[in-house]
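In order of appearance the chains are A, B, C and D, and numbering begins at 1 in each one.
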Amino acid sequence: MRFNCDYSEGAHPRILNKLIETNLEQTVGYGDDDYCRQAAELIKARCRAPEADVHFLVGGTQTNLAVISACLRPHQGAVTADTGHINTHETGAIEATGHKVLTVASADGKITAAQVQEVYDAHYGDDSREHTVQPKLVYISNPTEVGTIYTREELTELSRICRKNGLILYMDGARLGYAICAEGSDLDLPAFAELCDVFYIGGTKTGALFGEALVITDNALKQDFRYIIKQKGGLLAKGRLLGLQFITLFEDDLYFDIARHTNEMAGIIKEACIKKGYRFLTESVTNQQFPIMPDRVLNKLKEKYEYSFWQKIGHAHSAVRFCTSWATEQKDVEQLAEDILNS
Amino acid sequence: MRFNCDYSEGAHPRILNKLIETNLEQTVGYGDDDYCRQAAELIKARCRAPEADVHFLVGGTQTNLAVISACLRPHQGAVTADTGHINTHETGAIEATGHKVLTVASADGKITAAQVQEVYDAHYGDDSREHTVQPKLVYISNPTEVGTIYTREELTELSRICRKNGLILYMDGARLGYAICAEGSDLDLPAFAELCDVFYIGGTKTGALFGEALVITDNALKQDFRYIIKQKGGLLAKGRLLGLQFITLFEDDLYFDIARHTNEMAGIIKEACIKKGYRFLTESVTNQQFPIMPDRVLNKLKEKYEYSFWQKIGHAHSAVRFCTSWATEQKDVEQLAEDILNS
Amino acid sequence: MRFNCDYSEGAHPRILNKLIETNLEQTVGYGDDDYCRQAAELIKARCRAPEADVHFLVGGTQTNLAVISACLRPHQGAVTADTGHINTHETGAIEATGHKVLTVASADGKITAAQVQEVYDAHYGDDSREHTVQPKLVYISNPTEVGTIYTREELTELSRICRKNGLILYMDGARLGYAICAEGSDLDLPAFAELCDVFYIGGTKTGALFGEALVITDNALKQDFRYIIKQKGGLLAKGRLLGLQFITLFEDDLYFDIARHTNEMAGIIKEACIKKGYRFLTESVTNQQFPIMPDRVLNKLKEKYEYSFWQKIGHAHSAVRFCTSWATEQKDVEQLAEDILNS
Amino acid sequence: MRFNCDYSEGAHPRILNKLIETNLEQTVGYGDDDYCRQAAELIKARCRAPEADVHFLVGGTQTNLAVISACLRPHQGAVTADTGHINTHETGAIEATGHKVLTVASADGKITAAQVQEVYDAHYGDDSREHTVQPKLVYISNPTEVGTIYTREELTELSRICRKNGLILYMDGARLGYAICAEGSDLDLPAFAELCDVFYIGGTKTGALFGEALVITDNALKQDFRYIIKQKGGLLAKGRLLGLQFITLFEDDLYFDIARHTNEMAGIIKEACIKKGYRFLTESVTNQQFPIMPDRVLNKLKEKYEYSFWQKIGHAHSAVRFCTSWATEQKDVEQLAEDILNS
């Protein structure tokens, strides 16, 4: 039983049904069709951002590299937490478009406004400015790569500091639904649309076959974005496949239903770990949980379950990742919880 | 009724069924799953190339830019017909990876061995070689962007000249099935595997939802190719979606059945144009036909049919493209043929 | 005796003297010194462009790639004559920064306003714009690579069309002095500053050891240009060497004196060829002359003189390039003229 | 009086003389002349590396970006100390060629073999390799950016680890002479040629007007390197200027005489600081000294001397850089030493 990621299965059945229903319809290609338009309208309405531009791309790395290369001039770079996906798991995709990734240390996967100000001050000072890359865009992920989420206060302050300094705030929302629906979350789509300049709502890890919906609210970043998508190989020929999936996710509350269910399933694992007295690598409130467990227990669990090894903790423990998905069934996760408790 | 491209509909029903059947199975991500492995084995067997590496990517531009950037050093470029897709319709995707596209003139979309030799001689001469880009890879498409196909003799000679001069021969097979199944075709998958160093078998335009199968036969080009795919944003999270589609296309003859049907449908349009005495822009034998028709007639047809405008011919005629797909029905194409004959 | 290029010798003695005189002075590095400031002021005054930004770079390819990569977004390209230096002799330097070079055919090395409009119309039309590179900058060289020069009328019209369409006009002035001082020239530095958005005044080929003075008049292109120079490896540590050379060239009329002398020396060769009845590849009025001569004669001349082979003309003639420089002495060029006449 | 860098003055008088003597000679351009050949032979002899390729470039950033982009495939990166010049002071020049710079923490500017092995192990492990950049080249500078030098033992071990793991060892020798001639140095040019795969001998900061001599000893890295230099804008038209300077530096011991003198001048400053009881940021044995001094003293010295601020140490001290050059005179440095002692 796989708990190692949230893209182990296909798509939510309603998404497949939508594809089946529309299969023989003829539409124009490359996302210029009515389904994509309709999906974009739905998302803009959900974001309360009628002026936003919405684009659909196939995957997250593609989206990140398209956005960052579209936003920056050659001498500018992107600031990220050292744990940021663009820094650690995209094979230098950003650098391959010519831009440096500037890192700030982060234990919980988040960046603070103070860190951004510090980076800004260090690079826009008086001396020899042109010898260093100019930080211009701040990349955050929410939830972060380690399952934590931003509070409204944190994001507001981050947004304020970015705007004060002329920096672009870009949020990678590969798992955005899980952040919105997390216990204690005080942020939603309208908040992201207001506080970020550009962000994406992930589909791949929330029940779609694939697909990310990019929302650009800053007018200065809108121009010619489709050229960039095409150039980077991200303009899907049968673009309606993306529109159809996002219609299904957002025409009612499917996207949030999926996110809530998935978080709840992860919560059952979390609770078992807490009961058992295990600590956690991070305070995750979303569908990825990072308990620190004895290696002896982990080896036992390995016989029945797939999880992701994260890092060694001391000589007899490890932090691992358990990840649930839209398809995770309660009976399976309860079985895992029981096995944790009995371990 | 759309005859303007071959990606107007969704996927062949058998492909959708395969996705439905396997939807709840859990597999590892990024194409490391058994379905992708199985699909790769099928394709290697069809190519009689057991040593080849097979990778699956989502789309054509992505595949072209991944291959070309993987094969070249910074000072090297790709030779193409001036009509080549990488030169005209990919928004500078190749240049965006740092490489010049060197063009040779072509009326029929094909490159000859003599042209390749000429480019080679012009760039590897004695004087000041380092002031010009080094042609290193020859990009061809088959069928070409204007529907023509290479003969075995032509491709063999092209391959010979490339190997003699140390050039890589790369074939873009976005519509490869239509070339293989064209009337008069004397080339097949084993021939391409033998004569090319790397080529791809297009799925998007032959009944898949999306997907291209890249076949690398030259050992020197195999190393670390998955890194390049990932870096360029082309590694699909739910990679099995690609494997599943190519299994369906190649576990029996579906790929070729689709291609034959689609060519036949285009043949009906072609025949009508010939009967009517219309000339053609190119001698297409595949699913794209480029008749030259009076603008008056075209305006009439426009009321019922979508086609693609190609270019003005004189002041009262135009070359246009009619394109059929796996989903084109005989009754529809016969209706179009009748309307052409009565025009 | 070398007539094959205009960079065969060192620097004009006055430039060397300037370097010697100031050798032990201490200045700040990277072009932030007073000599560079003073040189920039001189050039702005000569251009009657007090608001311009002036930067000094070491060489032409470096300048071209810095300018073009600074001016364009990733999906935009540079339009050039097919004979343009960036297209033929810079080893794909522009593409290496990610941008396509779009060519228009040119027999005389020049681009017309009509050609620019045609390229613009072809790429900014209604259909599928995002599938092609967006032409955004027009690159011209003056004199061109084949010695011809723009008239005021031609450049004014080119400038008008560029501005009308939002295109940047960039002039490569590697040999600009020779254009300004050519017989019949009706353009000068103030005209270039007014009609171009950015251009450079070449030093390397006009008596300097090395160095090009870049003049940016369009405010939108000024920001952060020093970052780009530094990133591309073009910020000379002992930057004052550039300032000192351009002070020497422009504090009085040395730059123009050199250009006039060099043109006159080329004129003597031209006249001999005309007298002898030789035709020319192009109507050059500058320091490069491209006569078409019998191969028999060329072989004879080769024993005493270096010239550059340009292209075969028929089976017994060739076009060649004779090039003079600041250091060319009248007695040498008269000897060559005599040898041509007696050939 | 400037002690802030080693490129405040022009060139050593013998270099200027060489340029004057040869000024009117005509040579072929772009470094294909006899002077460059002769300089290359001298350097190969000094390195006892008769098979090496030697190229001359204008500056350090240019050399670094040319080497690194020539050596790497798109998915590969360069490992450097976090203080490395390519990471901190080249405006993302390496990333602009598409490659990630991977950093390891370093207090003294050096990288250890163990750190390289650790980076290697972290990136070439079993899991998901293609999601991270492949470290392929190790960049070191010697002396480092903070004045320290590698011992033979350290460099030998670094070289061994690189070769064991198939990594390229590249040494930035912008100030290489100062490392070779430092007190206690046990490394020389033949050692660098043997232990590194590619390195450069800096001229700009050792008495030349400009220029770096790149030595490639690894055969696999030699091919087509001039193409890369040209493409990156680094092929100087009057290339002989580089050859002439390196002939002067290496035809007898001028290069080493300059380095020894410069180190000695820095030694006088160092000694004064030691006497006064000041600590140092690093144990520099070369021409850059990084004493930690009271801000009160520094403000006083500022009235007479230019130095570089490095970093705040506590609330009342700062680390600064004093830098000597070939032109530093003993009386000036003794004056500074006296002012330090009396401060």
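Basically, a contact is a pair of C-beta atoms (placed from the backbone, for glycine too) under 8 Å apart; a residue touches a chain by one contact, two chains touch by 3 or more.
A quick map from chain label to UniProt name: A, B, C, D = L-threonine aldolase.
Computed from a prediction, not measured in an experiment: that's the story for all the values here.
Counting C-beta pairs in contact, the pair that comes out ahead of the other among A-B and B-C is A-B. Using CA-based centroids throughout, the chain positioned farthest away from chain B is D. Between the CA-based centres of chain B and chain C the separation comes to 42 Å, rounded to the whole angstrom. Between the Cα centres of chain A and chain B there is a gap of 34 Å.
For chain D, residues that reach two or more other chains under the stated contact definition are 74-75, 90-92, 96-98, 128, 130-131, 227, 230-231, 235. Contact residues of chain D toward chain B in the complex are 30, 69-70, 73-75, 97-98, 128-131, 134, 224, 226-231, 235.
Interface of chain A with chain B (complex): residues 1-2, 5, 7-11, 13, 16, 19-20, 22-29, 58-66, 90-93, 96-97, 204-205, 209-210, 227, 230-238, 241, 327. On the side of chain D, the complex with chain A involves touching residues 74-75, 77, 88-92, 95-101, 127-128, 130-133, 309.
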